[in-house]
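Shared chain: chain A. Partners: chain B in the first complex, chain C in the second.
Up next, the complex of A and B:
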């Protein structure tokens, strides 16, 4: 049986339109990762990504991405979503996310879409989402308690990993059999 | 013809030729394509700017911004034909884009560009041009 292999992308929405040097009660880290207000639905995200893929990669790119692009999970409260895309074309979607600079709604706020994890199974992506949420809460508490200065907010935003060298846990295609086949039987 | 008297020394006989260096070109950096303009008018003419504009719009439609930024060199434009050079990895996408493009409207007429041939070696591509005349 031929197994269709996919990649799952965990994407954060980071808001960038903050006035500099804002001294408020909310720590900067939470301002960058604030909840998404407004009409963000899975269909609008898909539409935004598809139009960006069409602009960057034309008819060929949008055809290759169309079959398997799906939003598996969207949380506006944590501004996080999980995309599923076929293994052969996930880089097209990643590149399109890099070029998107505002929410794909009418009068969308400027933001960046940051891919923080790529994995062959959705289970690992979910675990990573939970882990990152915990780290965010801890880092925000540190900042509120005054232990960290606000410039560390950016460091905490881009750290988020056990070892900073593996910030972006990329799945190497050569080792994907070892990564994917934990607990799965595949003869494809 | 060997005019020297035969010697009985034990030196090895030198070979008639010497290989100074040899190399195998497995992946040439560029590929070449021969394109031809097709239009209802009897003698269509092409110039470099028109060719560039046509190729850019066909690539932009098929491959988007990454296609429009493909490094294409127009080598020669002669009559209704042109010869272009593209990076080797891009040849498949380039040929597909030019073939898939429905063409322009120029003064009420539909004008198309046709791929006559493409390949890794320019010499073979030029030689292939005569095949069409040979077989009819």
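Up next, the complex of A and C:
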């Protein structure tokens, strides 16, 4: 029997502007990790990705992504979602996410879709999501205690990986499709 | 749920059909079992399961408002809450996925664990998994049946159930009455304690089997259970209830697959152990001189063991193992293998100094003989007969159900024994020596036939057994000293196992209940202290080396009182080996397998020259015949139509037997094994009847052995010893020849390929035809493969050379031989159509057409890539294989068999060289292809 091989992508939505109703300044931590509007449904995400893949890779690309793409988890309160895609084509999806610059809803806000973890099992992705959430919680507590700076917020966001230098190196030589490395990619 | 709707629609029809998975309608509530009813009213399992999995995989999430404050603004506290919720949601999701997997609990227990009915009974799985098992069974709608509450189906079962009910009432009434009585006369209550009855052991007669519990009486009418029977019956295939082996219920093989694990445990890692309590023991006692005479009459006539070299054996610190025999007319006949052990005399120190004096000869001594149950009756009769001849008389005691034994082999065996057997008295010399054996990984490294007799603590006191620390002791110089010096001679005392009082005392071990109570009073993990209530258990341990010698693993034999075997057994079973795992259980088949892998003969299967071996062979024949009869006609071997090539049709002798009757021309008894398709073997050579059957055979049949009334003619075949045969071969005396109907045991190794089965035929190499009988040269050139030439009924003259070509060292020669043969011409690859046509035409026109029909028998051209020589003729048949298989130790086919001593002698003398004389051809019964092999005496 042939086993279906998948990849799970943990994606964060990062905002850089203030929400429309907000006045005054907010801490950087809150600014980057804003909640997403409720209109963003799994279907709309899929639609957005497909159209982007179609634009980038044409019919062939969208056709190969079409069948296996699925949203396993979507939390709009924390702007996090987990995608599942067949192992052969996860790069197309990743590339599409990189090129998407606003939410795929009507009058979507500008944002970044950041793939923070690729894994062969959903379990590891979940663990990574938990780890990041914990880091954010710690940062938020620091913020509340009033001893935070803007660099701390960025740290919580971008230095989520333990040693980013190693991870960056991994990302660089990831192109040879070495399966073993894929599990360790974070902070892409 | 859509399911319920469907059910409502189907209505009463569904209820009437009474499918198990459908919920019963209210009309069918005749069931009293509430539990069952509750279960059946649940929705069907499969859709429910799908819902369960979907639910488990779903991760909860919050809407965006959760991260904003009331006015839709960013808020730090809300931000924090949202993250915490996410963490919790993901964690629960992971947990749920883990529990909602597709496997059931009973699929997760290790391979070794029993799982009989575990899918239907939650109590069969380990305790920690029981709750989950219950839940799963409920979810999966697994039908559960409680044997107790099952409605009896058969008449017999109904009667039993009614009986049980009545008995229950009776017991309740009795209990009630007893309670009333107890209340009435409580103060004046007196109890009488009686001494447990000592088992009777009579002199010179057979011992009664132990009285079984009345609950198990009916199952032991024609057999005796081993002390560990209840344990074994759950884990091993036992002998059939109606067909016990040697009047015992013996485990044949573990239920679990174990061929390769047994091989590993016996040689490389771990240990394998058997309950060999079925082995029979007899005690002889009398004056030393008379015992010596009895033993000499049993064939222990070597001068060495009665001289200075056997001093240690006679002192009781070594065993003697070998074949014992009895006088039969003018010759001696082997009875079976036995181990003989003297009890050290209490005044041994003085006796040792003045050995061979009259003083020593007059002292009362005791000897233990341990032998196989299949030959025990024969030996016991012989012993009694011999004992009565002596003055002063020697007496024999049957200790069969008094002394039990456990055997262990493998690198971990010493370690296991060390953990289980803890000396009772610290000052006992043998006990000290035994305890110092930490680090020994092969019992064969002990001095040959070493014995240790001491008394041990009840192993239940230190249950579960602790792992022995072997790491520090390996390559310890003190251990090497012990192994070389073996300081057991000084202050040696008589062994307790010989003493029936000591044995009896040890048999009255405190019950498990009291052990548990004492353990409960202790701190957890602390050992129970030995008290006066714990009797010492007398044991004798001896190490034996395999007959093959070399690097092979030896065997530990532990002898202990019959009733002490079970507690020791439990401790051995649960010993955690230092190499991991526990000791492995073995059965009779494993014993034979290990003997086979070590290249030694196994008693009784490989000893056709003994009565026990003959009985075994006859039993095997009937079994094979039965199996053969069961097969459909098209799928079983038709012996008569077997084509051996060169015009020979039909199997030689009986294909289902090691047919020595045929080989020696003995009269064939109309046994059930003689197959109907085998007519040629049945009409025996008429001259064979003239050969007067041995008077000893008649005498033997007159004696009326209780276990076999008439022995078949096979019993006139004698076993010849290796030493005797070697002496004959090396002697220059031309007149001395082995007796006509004698066989020798051989170990066979195939030279290149081939695997033998039991009953395979062993041929010697055909002799070169002498000058007078040389066939015309024209015929000699015809290759063996040509059926036209072979069909005329003569074997090719150069058959011996053809076989010798097959030796791997002479590969160069075989090539030239191959070129002569008529292999089918192959069409070369990658040729175009035209060339193909041309080649085809050429092959058609050439005067050398392919034979039609293709030669089907014997030596097809494709065996081994070239022509394979034909099997030699019947005159070259020398013997049969008794056990054969692919040997995991050798990495090629090996076999153990027996060959005619006379023919082997002739072959060795004629061919002049040991090298060619030891070559043989082994052909499986019912097959036409033989393979070259080499035999060695065992």
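To be clear about the criterion, the second predicted complex is superposed on the first by the 153 of 188 C-alpha atoms of A that agree within 3 Å, B and C clash if a C-alpha of one lies under 4 Å from a C-alpha of the other, contacts with A are read in each partner's own complex, and residues count from 1 in each chain.
The criterion applied here is as follows: contacts are C-beta pairs under 8 Å (C-beta built on N, C-alpha and C of every residue); 3 or more make two chains touch, one makes a residue touch a chain.
Everything numeric here is computed off the predicted structure, so don't read it as measured data.
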item: Contacts of A:80 with chain B and chain C, given as first, second, both or neither; value: second
item: Touching partner for A:58 - first (chain B), second (chain C), both, neither; value: first
item: Partner contacting more residues of chain A (chain B vs chain C); value: C
item: A:140 touches, of chain B and chain C: first, second, both or neither?; value: second
item: Chain B versus chain C as contact partner of A:68, first or second or both or neither; value: neither
item: First (chain B), second (chain C), both or neither touched by A:126; value: second
item: First (chain B), second (chain C), both or neither touched by A:26; value: second
item: Complex interface listing, chain A residues touching chain C; value: 19, 21-22, 26-27, 29-31, 33-38, 72-78, 80, 123, 126-127, 129-130, 133-134, 136-137, 140-141, 143-144
item: Contact footprint of chain A on chain B as seen in their complex; value: 59-67, 93, 96-97, 100
item: Residue ranges of chain C in contact with chain A within the complex; value: 57, 59, 61-68, 71-77, 79-80, 82-87, 89-91, 93-94, 97
item: Touching residues (chain side chain A, partner chain B) in the complex; value: 53-61
